[in-house]
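Think of it as A, B and C in the order they're written, each chain with its own count starting at 1.
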Amino acid sequence: MKTNHEKIEIKNINKTFEGGHKVVALENLNININDNEFAIVLGPSGCGKSTLLYLLAGFERPTSGKILLDGKPIKKPSPNRGFVFQDFALYPWKTVLKNIAFGLELKGVSKKEAAEKSMEYIKMVGLEGFEHAYPHTLSGGMKQRVGIARALVYDPEVLLMDEPFGALDAQTRKQMQMELESIWEKTKKTVVFVTHSVIEAVFLADRIFVMTARPGKIKGIVEVNLPRPRDYTDKDFLKVREKVLELLESEVEKSMHQEQE
Amino acid sequence: MDFRKKIGSFLAITIILLFFFIWELFSNYEIIQIALFSKPSLIFGEILENSIEIIAHLLVTLYRLVLSFFIAMFIGIFFGMIMGYSRYVYRFFNPLITTLMAIPGIAMAPVFIIWFGFGDPTILSIGIIVAFFPIVYNSAIGVRSIDKNHVNAAKIMGANKKHLFLKVYLPHSFTYIIIGIKLGLARCWRTVIAVEFIAATGFGLGYWIWDAYEYLNVTIVYTGIIILAIVFFTIEKVIIREVEKRTIDKWGVLHEQES
Amino acid sequence: MYCTNKNLKETIKTTLKNTLIFILPFLVVIPFWEVISQLNIIAQLPAPSEIFEKFLYMAFEIDVLTQHLIGSIYRLIIGYILAVTFGIFLGTIIGLKKIISDIFTPILSLLISIPTIAWVPVLLITLGLGDETVIAAVFLGGFFTITYSVIHGIKTVNKNLINAGKIAGAGKYKLFESVLLPGSLVSLIPGLRLAIGYSWRALVGAEMLAAMIRWGVGKMIFTARMSNVVETMFLGLVIIGIAGLLLDRLLLYIEYRTVVKWGMVTEG
């Protein structure tokens, strides 16, 4: 079912942060992501995976190199992409409905239409009944559902997710993984998902891009050809997991030493 | 980060100097009336010529400030901790304190002038009152807001009442006490100056400024403002910041609010 | 789960209970005070009954109290609204660009150090002895605090909120209007509350020094001194205290309906 159309091309990306001391976050990074693919970027903390996602979003600019979406370079944030933040980043002064409808209203959609469409997505993420609630009254899992609905409602080409379940407890996290899976099956959007959890990666990904410790490069790519939805205890699942862990192990050690600096 | 702040401060000083330069220019070329606005060269001259007199006034004001503040501080912390310790005492006195805290010190001056006349007794009394309330209020909150678990932990280790007070209640409420002190100090010196406008005789920065105003000595009025700005900017930002650095910041207890 | 409105009866009950608790200490202190005054233990201490008599006299018999109150409130409103308008305007300009805020924040800190009352002689010289000076004092009292809280509010908006707006397609103006401005309220609204306290105190102080005004609560106290009428002075203090408290509660209410409702207050 996958086409070989390259949706996203990341060519020779370098990203250096100036400041107190120089930090080379990414070095000569090259990735191609296919259309309708669920791509996961996996790496130890500090490896620059979130930086990569921010570059894709346009929140930051690369020091050198190019990022192309559908062949066109990405220069700044734009609604052809959707973003789900690790810290949810919901607008506290807007209700759930208004948070989601905001993107549509920016596109010029009428208030009524925006509300209707938003309700569809509220139902899709299972938050019916909470449309008039304020974000601070919601649990972490609920907040992230709003985040996902907000990112999807204006039908972006690509969905970017920055460790979206990182702030949730283990049970909620598992539940959200399964729900994200079923939502994705419905729309089959191109997704770039960042995480440091191997299990999460094997559960969700079509391909896993394993990154090195800082400065970040791609260490290896693991294809996950298992049928969906996947079983965490299946022996093929565990085999893939082993493969990924092998790639990851030494990088985790390196990054721990970096943290101590 | 620090580098940027330094550039910012440098540019700020440049802008201030520029401001004075334009002020001087405008006064000299009569774009603004010198009788109303004076000019920086006159102000500077005033500071140089009468520096001893100015320092005398400053010392008197500082004396009043320090004395009333310290008295308020000791009484305030003491009563505040008592208030915080008992829920009922707190609930009873809290409305009184918040209401009285809302009264500006300068408004009390006429009453105190009738009672104590002009001069130090009036100025000091009002200074004490005005500094007292924020200190009491915040000290009480400091004691009240203590985490029950800290108290329980100490009790289980065998602490008696004296230990509890010294080793648990006092250090924890210290953060709030510092906040109260900051607010109390700010109110105190603003009020002392204001009351000096009305009730001082002979000495004090407030007296000096108001007296100059009554004789339409515009230069001294502006000189006074500048001196106040420098002195109290120094007190508030530098001295207090140093105290905070050595205590609150080190203990990492509380993220403080704007006063 | 999410907040529903308490039913009316409960709200009334709690408000009543809170009012009672609030009045309690006064109910105890006032009789005590009355006794002390009547026994003349402290010379020149008017009794609450005498103050109340004076209140009735000034409010109803010679009808001046309303004039004084209106005079003060009128100046407060004008000065405060000016402070809010210019404060938000200037604060926004300074807060948006890092360079500008790096330069002007120290200048602002310097200006905040000057007690508002110290500006009054300058105001008296340049603006005269009437209303304008008092209004200007009210303005100065609140302006710096408001400007500072807008700057702080804009600078501390969570960066990801801005990012979320950007990727949804918000342009510069929309970002400011829909993200930065509401986001800065968590600092602005408590700042407004502080500012009205400062403005009110500045009002009282300036009224006591402005010779040409006739009405005003500060003026009322000052004039009373000329004729040594302590009851009026105390009445003035009571009114000033209550008014100051009410203004603070009003802003607190606004705080509740905005930043507290949205869960944006990090600490009491």
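Following the convention adopted for this analysis, a contact is a pair of C-beta atoms (placed from the backbone, for glycine too) under 8 Å apart; a residue touches a chain by one contact, two chains touch by 3 or more.
Predicted model, so just to flag it, every value in this text is computed and none were measured.
Asks: From subunit C, which chain is the farthest off, judged by mean CA positions?
Replies: Computed centres place A farthest from subunit C.
Asks: Central chain, going by Cα centroids?
Replies: So the chain nearest the centre of the shown protein is C.
Asks: What is the distance, in whole Å, between the centres of subunit A and subunit C, each centre taken as the mean of its C-alpha atoms?
Replies: 47
Asks: Quick one: report the Å distance separating subunit B from subunit C, using the average Cα coordinate of each chain.
Replies: Here the centre of subunit C sits 19 Å away from the centre of subunit B.
Asks: Could you please state the distance in Å, as a whole number, between where the Cα atoms of subunit A are centred and where those of subunit B are centred?
Replies: One centre to the other, that is 51 Å.
Asks: State the interface residues of subunit A toward subunit C in the complex, per the touch definition above.
Replies: 57-59, 76-79, 81-83, 85, 87, 89-93, 102-103, 106-107, 130, 132-138, 150, 154
Asks: For a test of understanding, state which residues of subunit C touch subunit B in their complex under the given definition.
Replies: That would be residues 21-26, 28-29, 43-44, 98-99, 101-107, 109-111, 113-122, 124-126, 148-149, 152, 190-191, 194, 197, 200-201, 204-205, 208-209, 218, 221-222, 224-225, 228, 230, 233-234, 236-237, 240-242, 244-245, 248, 266-267 of subunit C.
Asks: Under the touch definition given earlier, write down the residues of subunit C that touch subunit A in their complex.
Replies: Checking each residue of subunit C against subunit A gives 1-3, 158, 160-161, 163-170, 174, 178-179, 182, 185, 258, 261-264.
Asks: Where on subunit B is subunit C touching in the complex?
Replies: My answer: residues 4-5, 7-9, 11-12, 15-16, 36-37, 91-96, 98-100, 102-104, 106-111, 113-115, 189-190, 193-194, 197-198, 209-210, 212-213, 216, 218, 221-222, 224-225, 228-229, 232-233, 236-237, 255, 257-258.
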